[in-house]
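Next come two complexes built around chain A: one with chain B, the other with chain C.
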Partner chain A sequence: MLLNRSNSGKRWRVRPDGPGKVTGSMAYLTDFSAEGMLYGRVLRSPHPHARIKAIRTERAKELAGVHAVLTAADVPGLNRFGIAVPDQPVFCEDIVRYIGDAVAAVAADTAELAALALELIEVDYEVLEVVDDAERALAPESPQLHPQGNVLHRSAYCAGEAQRGFECCAHIVEETYCTPRQMHTYMETEGGLFVLGEDGRLNVYAPTQHGFMDRMQLSRILAMPQADIRIVSSPIGGSFGGKDELNVQPYGALLAIASNRPVKIHNSRWESVRAGLKRHPMKITMKTGVDGNGKLIAHQVSIIADTGPYATLGAEVLRFAVEHVIGPYRYEHIKVDGVSVFTNNGMSGEFRGFGGNQAIFALEGQLDRLAEKLGIDPWMLRLRNMRMPDDAGPFGQPIAATEGAQQVWQALQASRLWQERASAGMGSSFSATTSEEPWISIGYGAAFTMHGAGLGVGIPDPAGGRLTLAADGRIEAVFGYEEFGQGLLASLEQMLIEQFGFAASDIRMIIGDTDVVPDSGSTTASRATSMLWKSLQNLRPMFQAKALEAASRLLALPAAKLRLGEGGIWQQEEQMLLLTYADLAMYSKERISCTTRFHFPTSPVDRVGAHFLYTYSAVAVKISVNRLTGRVRLLDQYHAVAAGPVINPQGFLGQIEGGSSMALGFTLTEEAVMENGLYLTKNLDTYLVPTIAEHRGTVEVEPIEDLPDFDQYGPRGIGEVGSVTLAPAIASAVHAATGVRISKLPIQPELLQLQDIESFLQRR
Partner chain B sequence: MSLDQYAAPAVHLMVNGQDMTIDVAPSKRLLAILREELGLTGPKRSCEIGRCGACIVLVDGAPINACLAMAYQCAGKHITTVEGVAQEGEGELDPVQRAFLEEGGFQCGYCTPGMVITVKALLSHTPDPNEDEIEEALSGNICRCTGYGGIKRAIKQAVKWRNGY
Partner chain C sequence: MGANRQSLHAEPLVRHPQHAEEAWQMKRLWGATASYTAGGTLLRTQWESGLAPVPAYLIDLSGIAELHGIHDEADGNWRIGPMTTLTSCRSHLGLQTAHPLLTEAVRNIAAPSVRNLATLGGNIVSAVGDALPALLACNSVLQWRTEQGITDQALTEWLEAEQLQSAWKERLLVGIQLPRQTSISQTKRILAYHKVGRREAFTPSVVTVAINGQLGDDGIWRDIRIAAGGGQTRPRRLEHTEALLMENPSNSPSLAVVYQSLLAEFKPKGDSFASADYRRRTAANLIVSELWKAAKRLTEER
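Up next, the complex of A and B:
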């Protein structure tokens, strides 16, 4: 059944954070201000690679109204940050390695004064040779950016003997795929407010996807106990992975401490572009062979990822890509080699899809090309090679068995859009329609994926939360997760209502404040909804038992006769409210509070990063190509998503539609262009994210909720899967429409423009 | 030293129905006046070049990018920010806001103040817009989260309510 408001009935709910958002009354952390607040600014390197010879800050310090000017010498603790490996300087001491590298920071009475102070800081640089290409960075003669050289990480996987496998293949396809440096483009740029309390504790109000990780990193930088730092991190105006790593926090914190005044930093868009993370540009070369029946025999892949100057999660993204270039298919022989390379380009890091976007674009491109060689329908080739429910995962690891792959394949096959393709008689051959505009060609395409959730084997991935009956009778649900728009609060509220029987007015949700929430792990990797669900599964019997026992004592009725309900404790059979939560809280002697802690489920192997839970999706699209301009328009899209039960219908639909929109940009228009380590795209006039004009077509989302009876894992993540399957589907449709194979994103219109339009029109 | 201090003549404005006189440089951006001087943080700062629409407010009923408009250009004008929208409708929320709320026309919500204002302006002169008119009106409002699906559904719903069907 398609997901929409009318099919969802009462389960379609107004989000708890909605009223504040539509009225503008909800303050984001970058809306905060404080009395006596200063404005912080960061001086960043104008060069992608240079040696710092001298920094002179005297003139800036002398400027009236400037309260702090800081450089590397002023960092009391570790002058480095990085979630996985702390190798990024807070302030560079001797070498700058990209144009976002920080050299100094100031705090002043006004934003104008802070800008002026930056100009008064003099830095002498000796410009060094720029390493702006990941492949050339691997050459021995290339300048080496780190003591370890230019290789951040290598990741490989091998099963069978690919070389020998190719000898038995009837058809082999070799292709190199390139993907762009995509920018998250959250509408709220990085920023926040930093306040040193009278008690000496530091209060950080700044978006992040894992408050406790920020607290740990800041404590390392500031040489301050973690207990003295409070991170308030929600609500957030979009993140998509981009705010998981530290950004302005070290500067805001250091400036607030140095000036002993509240400090606000809010990046301009250009500063966000130059300093912020992007999706790793990848070059993926694949050689894939099938036998005469279309059975995949051998698959050989090499991946080169441009990770930029510092580690952040570059190694983890690469491992994810290595897993997802194998994907949902069975092969006899696999060989994958990946390398993540340091360059002087922009920082690459975590971004929705996490390396899957690039990998799946390439892998699905191979399937399409093989189908053409075999002369069979590309969608049928997927079926012929698809994993079976009990098959191992891409790395041969045990995974949670579901029929997701089959389910989404079937659903797409039966979808209105794919039926339309069949009746239009458009197989894989290219074709065109519309007599009024004969230069418009229409094509249909589809792609298929399995996308892992959670951080994977070998990485701490804790989860958990707390339910407490507060003194005022509210049921407090306390979790260390963040709300960046995905609808986490709405999902949590809906589960509490549907699974516990509470009314919305009984509930108080508390997230995003390290002083009061437990560490529930990070809000990344499509994991939070699954972990909320599992937490509530664990908490429900405990909370119910405690609450009903306490009520039973107060009411002198057996607990078995009572149940939790709206407003309080109800009599099991008769529809009668016996005791409000407020009275229960007031009169009960013992505190009703339960906690759960557990680890995200992982596969019992020692392959670092291997996943255990996957979401499956199949996407079909209909596009048009204007053969005069080369412009591609997305007319219609269908998404089948097998992710277990739909927790929040509005949120689910929004995640798939929104993820798909991001993928549309990745496919058609988005690229943060760099030349010699400098960004040529500095703002939203040249960096083109999809607008409403690109979204005229219809979108159908069909969730497949069935899980095997034995499944204990409930809802799978859907935050990323919407963003990974659209690009290859569009590439496939473009081929169907024009006969042109796409191997580089974003699609270059020039490739689709007809040189000889006259004879093309005559032929029609 | 601050540029603001050179000339700060009084600018007279009407913001969300309230008369006010503020001392600011004539070149000060309306967005900074609203957010920093008046504490109206509904209008958001994002691109500051007039591309994204997060900062849009009504100036004498027309949607204007507050990140570009300067104080002197707003002198004597009526400014409506998202905070002032609800007061103009009946009940608590404007129908446009209610439609965004019920249809899920937002996720992170950062674009929403600008979206609500833009849609309100659109419906004020085009009560039953077709797809081209919606595209035209909203082409200066970027939403990174929703893919515009919920926003389009919200506009449809708001049109229905407004027109009583």
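Up next, the complex of A and C:
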């Protein structure tokens, strides 16, 4: 059944943070201000690669109204940050490696004074050769950006003997796929307010996807105990992976401490583009062979990822890509080699899809090309090769078994859109045109994926939370997750209502404050809703027992005769409220509070990063191509998503539609173009995200909720999968419409133009 | 980013003249240190990106009544005040009927919030605005306040002259005239406007083309104006191709000859986002497809 408002009935709820966001009454953290607040600014390198010969800050310091001017010498602790590897300088000491690199920071009475103070800081640079291409960076003669060289990480996987496998293949396809440097383009740029309390504790009000990680990193930089730092991190105006790493926090914190005044920093869009993370551009070369029946025999892949100047999660993204270029298919022989390379380009890092987007675009491209060589329907080729429910995962690791792969394949096959393709008589190479505008070609395409959730084997991935009956009778649900627009609060509220029987007015949800919440791990990797669900599964019997026992004593009734309900404790099987939660809290002698802690489930192997829980998706699209201009339009799309039970219908739909929108940009319009280490797309007037005009077509989402009876993991992640599968489906449809194979994103219109328009028209 | 100034970024002094004459005198007095501002939408992006310095004086033209308004004049000409916002142009029913090319062009510029501020005059003096191909195809005339008083100048002429000198910056655009569309008997008017960007809406143009012609029932082009621009390419009429078509049957010269003529005549500038070759080919494709459509319709009607 399609997921929409009318099919969801009463489960379609107004999200708790909706009215405040829609009316603008809700303050984001970057809207905060404080009395006596200063404005912070960061001086960033104008060069992608240079040696710092001298920094003179005297003139800036002398400017009236300037309260702090800081450089590397002013960092009391570790002058580095990075979630996985702390190799990014807070302030560069001797070398700058990209145009976002920080050299100094100032705090001043006004934003204008802060800007002027930056101009008064004099830095002498010796410009160095720019390493602006990941492949060239691997050449021995290339300048080396770090003591260990230009390789951040290598990741490989090998099973069987690929070379021998190719000898047995009836058809082999070789292709190189290139994907763009995509920007998260969250509406709220990076920023925050930093306040040193009278007690000497530092209060940080700045968006992040993992408050405790920020606290640990800031503690390292500031040489300050973690207990003395409080991170308030939600609500967030969009993140998509882009705010998981530190951004302005080190500067705000250092400036607040140095000036002993509250400091606000809020990046302009220009600065956000310049300093912020992007999706890793990847060049993926694949050689894939099948036998005469279309059975995949051998698959050889090489991945080169441009990770920019510093590590952040570059190694982890590469490992994810290595896993997902193998993806949902069975092969006899596999060989994958990946390398993540340092360059002087912009910072690459975590971004929704986490390397899966690039991998699946390439892998699905191979399946389409092989189907053409075999002369069979590309969708049938997927079925012939997909993993079966009891199969191991891409790395041969045990995974949680579901029938998701087959289910999404079948659902797409039966979908209205795919039936329309069949009834239009459209195989893999057909295009429809109208006599009025014969240059408009129509095509249908589909793609398929499995997408891992959680951080994977070998990476700390804690989860948990707390339920407490507060003194005022509210049930406090306390979690260390973040709300960045994805609907985490709405999903949590819905689960508390549906699983516990509470009314929305009984609940108080507390997130995003390290002084209050337990460490539930990062809100990333499509994991938060799964972990909330599991936490509540663990907490429900505990909380229920404690609450009912306490009520039993107060009411002198057996606990078995009582149940939790809206407003308080109800008599089991009778419609009577016996005790409000407020009275229970007031009169109960014991504190009613339960905590759960556990680890995200992982596969019992030692392959770092291997996943255990997967979501499956299949996407079909209908597109048109204007052969005069080469422009592609997405007319219709269908998504089948097998991710277990739908926790929050509106949130599920929003995640898939939103992810798809992001994927549409990845496919058609978005690329942060760089030349010689400098951004050419410095603002949203040249970096083009899709607008509502790109979204005129229909979107249908069909969730497949079945899980095996023995499954204990519940809902799978859906935060990323919507952004992964659309690009290859569009590429497939473009081929159907035009006969042109797409191997580079965003799609270049010039490849799709008719080359002989006049003779084309004269024939009509 | 920004100039390396050693003092606080000064806010420009904003003046609000009530008459065009007064505005022009101010500009004369302050010269290059002053800038006229209409909607300010383009200026702001130029300041922010460091492409233009914030001037010492801003001469705000918004309070000058005579620069506003859309007038259907007695002789059938239309006169549009340069301070007319793009939204007002777009929603003017009379203009939609008389000059649909212009209202269609305006519909394709930026986004609603920008069109509420941005003016037709501002779009013109940017010299690369998307209204220009439509205005060229309508044979528009610009009225300027110059040292010589009020002077009229064909838009084509100004766009060509502007390439040679920038003295126009001392001028003030006071009116835009769209001449009456004369209809030749037994012809059909053929109008087409296309803007191609890197996305569907709110996008800088890669290629913009406009066609305004009259195709006789006998299949002969009696009148045709073709203009093309886009990106940083200054829009211009494609007069050689126009001449090829004029007074000739729509099937001779062949589309192939017209196509080659367009490729030879239109010389767009390329950039990192779209090559000159793509722009040229796209413009030629769009124009040829419109000529084909017009001829096909005629054949079907016969």
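Assume the second predicted complex is superposed on the first by the 760 of 764 C-alpha atoms of A that agree within 3 Å, B and C clash if a C-alpha of one lies under 4 Å from a C-alpha of the other, contacts with A are read in each partner's own complex, and residues count from 1 in each chain.
Rule of thumb we're sticking to: contacts are C-beta pairs under 8 Å (C-beta built on N, C-alpha and C of every residue); 3 or more make two chains touch, one makes a residue touch a chain.
All values derive from a computational prediction rather than experimental measurement.
When the two complexes are overlaid on their common chain A, residue A:683 makes contact with chain B and with chain C alike. Once the two complexes are overlaid on the shared chain, A:189 sits against chain B while remaining clear of chain C. In the superposition on chain A, A:757 makes contact with chain C only, not with chain B. Look at A:18: by the touch rule set out above, it reaches chain B but stays clear of chain C.
Touched residues of chain A, counted separately for chain B and chain C, are more numerous for B.
In the superposed pair of complexes, A:238 makes contact with chain B only, with no contact to chain C. When the shared chain is aligned, chain B and chain C each come close enough to touch A:116.
Of the two partner chains placed around the shared chain by superposition, neither chain B nor chain C is touched by A:740. In the superposed model, A:749 makes contact with chain C only, not with chain B. In the superposed model, A:693 makes contact with both chain B and chain C. Taken together, the two complexes place residues 112-113, 116, 683, 685, 690-693 of chain A in contact with chain B and also with chain C.
The residues of chain A lying in touch with chain B in their complex are 5, 14-15, 17-28, 30-31, 33, 63-65, 110, 112-113, 116, 184-189, 235-238, 240, 266, 268-269, 484-487, 650-651, 653-654, 657-662, 664, 683-685, 689-693, 695-696, 699.
Put simply, chain B touches chain A in their complex at residues 1-4, 35-36, 39, 41-49, 51-52, 54, 81-83, 85-86, 93, 97-98, 100-113, 116, 131, 134-135, 138-139, 141-153.
Taken together, the chain A residues at the contact with chain C in this complex read 112-113, 115-116, 119-120, 270, 436, 439, 628-631, 633, 668-669, 673, 675, 680, 682-683, 685-686, 688, 690-694, 749-750, 753-754, 757-759, 761-762. Looking at the complex, you find that chain C touches chain A at residues 1-2, 4-9, 45, 48-49, 111, 196, 198-204, 207, 254-256, 258-259, 272-273, 275, 277-278, 281-282, 284-286, 288-289, 292-293.
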